[in-house]
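Letters A, B, C and D mark the chains as written, and numbering starts fresh at 1 in each.
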């Protein structure tokens, strides 16, 4: 990974410093770029909330060879991780590789690792076009996330995405409120439950599933259940839309308390290594999404970089499962969390 | 804003560093100047108390185009913000522009932005003279704040202020205790309720309103109601009079709990962007006052600078309202605050 | 004060950096010297515990000219402050002035300021000799503090101190445990209540009073009452004897809760300015002792330096009383403390 | 000690900086080396958890000459400290001295100080061979700790260790989960209670005792009692196996609450000086183990270095006992802990 990081540091110059600890401090306010919006409090809160969690170490058991496999949104995953939907290589990551190379690396690397990737959306058409091409090349093994556009754009995007053969569709409703997009005549906005119900009904009619990204409160998690979503992603959009949102790990337990068992719960935000994955699961997630570290691995090492990152992650997760006495991901619950 | 800040940084050299994050650390003890008194704990507490507040992000709703307008002290404001009363450009800000230019920029810029400015007072006559001239030029659209002088000076100042045609008068009683002024033979002091009652009665007799700045406890907020004030400003005077006062955001909820609905509640201290405005409203304020950032904008860009700052602020506030599901400022309450 | 500090910084080179904020970080472990023992946690805790305290600012009252005077241990003080007993100029402060000059500056400066100084003790005879000479010169206006020696040394020291004409005697029992002294054949040790009773009885027989320095728990404060002490000093000896003791401001409220009204309560540790004095009083002290800042003022400006420091302190205290609505020191209680 | 540290700093270059405060920040992730795994959160938590503990200073008593002696695991110790089992001088400490020199220094230095040392284990045979040779040379005065190997290796190691004449055997089960070892074909793993019972039965059959290192929860402490262990070591393996484990001082009180009196409780992690020893005892330990500081002393000064470190430690512990009023180690309990 060290070489990949060095390569990425070079290629992302001016966009990402590939810090030793990726915590949002070096890139405050860099949107576009890889940073958090404003004071980057939401980005930092993601990392800080996870860092605060401490784990019960246990060694008197027989969880010698844990199984990290799981099933989420109908997919059997080698371990409970997905790549988060990210696009805009040119203006966010420095453009050292093309949008196509990026999408191929993330989608292909995830599949090779026994996982699945979300793919991104944006104003310039080449973002979703590169993303959908990668999913199609991968026989539909990817989850297109569509921004909460107003008007016809959303329906058109869902149709385009459908052509990739994918079985799950997502919407990152947390992208709403980007006033710049509205000013560019491409408005995005929050979505009322009724509108979401209709969209989800249509997608279910296609025999596909729907995941709603950007849930940060128990009441909206409950709404997501009511409108028929198959999964939510607890996410503050990497701290890039609302300054001073809590870290996702802070809100996850109350959200899990409200909807666990009724809907698949994913979470992203600040996850860097396998111990972080285990923490999110212990806090109530069924699986996690990972953003920036996957982007860095893709820019620094293309598909091979993504695969290496995921391999490292899996090893760390298994070690953490051994050291917390977790035979399977189902055993990763509040029992592994230290509290005073 | 970047150019304005660069210009200001140059012009305020030795008085204000125009830091990326204006939090009171670089200018500890710089009074006169732009800093906090002593260890600057009160200044820092203002910023820290606001930074600690986290917001519930919500996207499943139809608050797509929120209305940030409000009415405070009889004024219809485009959004719930006023410029705080500040004077003394020469000894506090380096004197790069004149007191007149400063007052015109703040009063004019606020009016152009659909807002209203408080204007300051001080020992040298040119401070209030420049301020009152600006208000008069603005057809009385400004709020003169008079220091809590002892003896005749206070009455004389109120009469002078009246001549501007203003409809609201203020007193920053938090300026009391400045022993230096007393030693210069120009004593200021706390004001007993009976004395305040008489002042306010007189002002009400003029058909005008009265706002009392410097309330930091629920008991004194209650006293402000009893003496007939129309509004209070929760404020520790920017941390410039008593070291180790709490941040205004810390005391605001209990003050709002005591007098909300009985009196208009304003608050200042550490507000930097639109998310901070929303936080103060959620904590119980009806509107906020903003000090240092307005001063920096005025010094760096005159009226245009102030207008640009307020335009940015309004955009940020609207975005924050969208992302917290707030249709109007009345919807910005404890519901948008994250708590564990 | 600025000149005095510059002079002191020069003269104390290698012993004290006369930091802008004197908080124990620059001089970690420097004993001898001016630092805290070991990791200096106790020194830092003193400062941090005081810094954490926040004050209610109040301005709607008539406490325009507060009276900071008080009576402690039978002495009428202009304001509730004493100089803490410190000695060993040569090995703790760099020896830029002599022990005699130091003692004269502190004792004389305190008296001139309407206060009284404690004076120190140590292994080399010149420490207590210089101290007692200063008290004698001051017509007995000083409080000799004697270390908790084992054997005859303690009685001899009390007799010597008596010859100064002083009316109050102290013991800094917190100096016990200095194993180095024991190894030099000059053992100090904790004192059992029975032994203290006898000492205090003797001193009361002389028509004098006794103050016990080094109380950090309510149970030992209660013991101090039982053995007949007239006052205690809540103190961790400036963090110089036991690493990781709490700050005195942390333990003061529970100690005051146990013995307030039964005995005079003094406190030292981390007090730097008049606001800190007010805080200690609000937390339960009847008066405070101040160590390092007085030493720095004495080394940097002799008696004049000490007087200037105390004058500044008094002004700050009065301003803080005005801004918290405290007419007298009796009004400085929990009412002025902010709590969430 | 200063010279020893300077020597060590030189010899451990690239492996340990011999920082003034050894807290895990300079060597983040350096495994092999002397650092903590990953973000080193577990290493840092050890130090931070101890630093947070504050002590009640008491001086009104007769604990003038405390006795720090104790009996643990059948050994009479001059004070309640053991050297932690550490090996791998070449890859962890820079190889400035040989494994034999290191083991001799630690085992011999501990014995000379009236203490006893644990000795380490590892993949290369020379680690345990050097360790066992040192114990044998010391007439069995040492505690061999064997890693939780799978298969025959464990039994063989216990037999080899038996040949040293030692009376106590240990297992650092916290070394499990080191996937690298497994990949090298030398798997270690957690141990189920049944397996431990058999091992302990065998060792008891030899007339020896057994200590289980790596307990971090009350439930596993209870299991340790049930399988017949004679002692546990509360330890997160110096933060080298699971990132984000709590500090041992954080978990110790609840573990002591569960098994105190049923089994000897040792603890390691972040102990640097005599005050830290006293803290661990106050939190519930019967004795402590010390790792890194002993290693540094051994590399920097061989047996003499270890002896000097322990002499310093003993002096600090006695002073802390004096200043907390503790006659014996049995008096060091929650009574000496400050809590708000």
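Everything that follows uses one rule, which is that a contact is a pair of C-beta atoms (placed from the backbone, for glycine too) under 8 Å apart; a residue touches a chain by one contact, two chains touch by 3 or more.
No experiment lies behind these values; they were computed from the predicted model shown.
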{"item": "Third chains touching both subunit D and subunit C", "value": "none"}
{"item": "Numbering shared by both copies at the subunit C-subunit B contact, with half separating same from different", "value": "different"}
{"item": "Distance from the mean Cα position of subunit B to that of subunit A, given in whole angstrom", "value": "41"}
{"item": "Approximate Å spacing (C-alpha centroids) for the pair subunit B, subunit D", "value": "58"}
{"item": "Sequence positions of subunit C contacting 2 or more other chains", "value": "none"}
{"item": "Chain contact topology (line, ring, star, complete or other)", "value": "ring"}
{"item": "Touching pairs - complete list by chain label", "value": "A-B, A-D, B-C, C-D"}
{"item": "Residues of subunit B touching subunit A in the complex", "value": "20-21, 51, 53-64, 273, 275, 279, 315-316, 318-320, 322-325, 338, 340"}
{"item": "Subunit B residues touching subunit C - in the complex, by the definition given at the top", "value": "28, 38-39, 41, 45, 148, 150, 173-174, 176-179, 189-193, 196, 214, 216-217, 219-220, 223-224, 227, 236, 241-246, 250-251"}
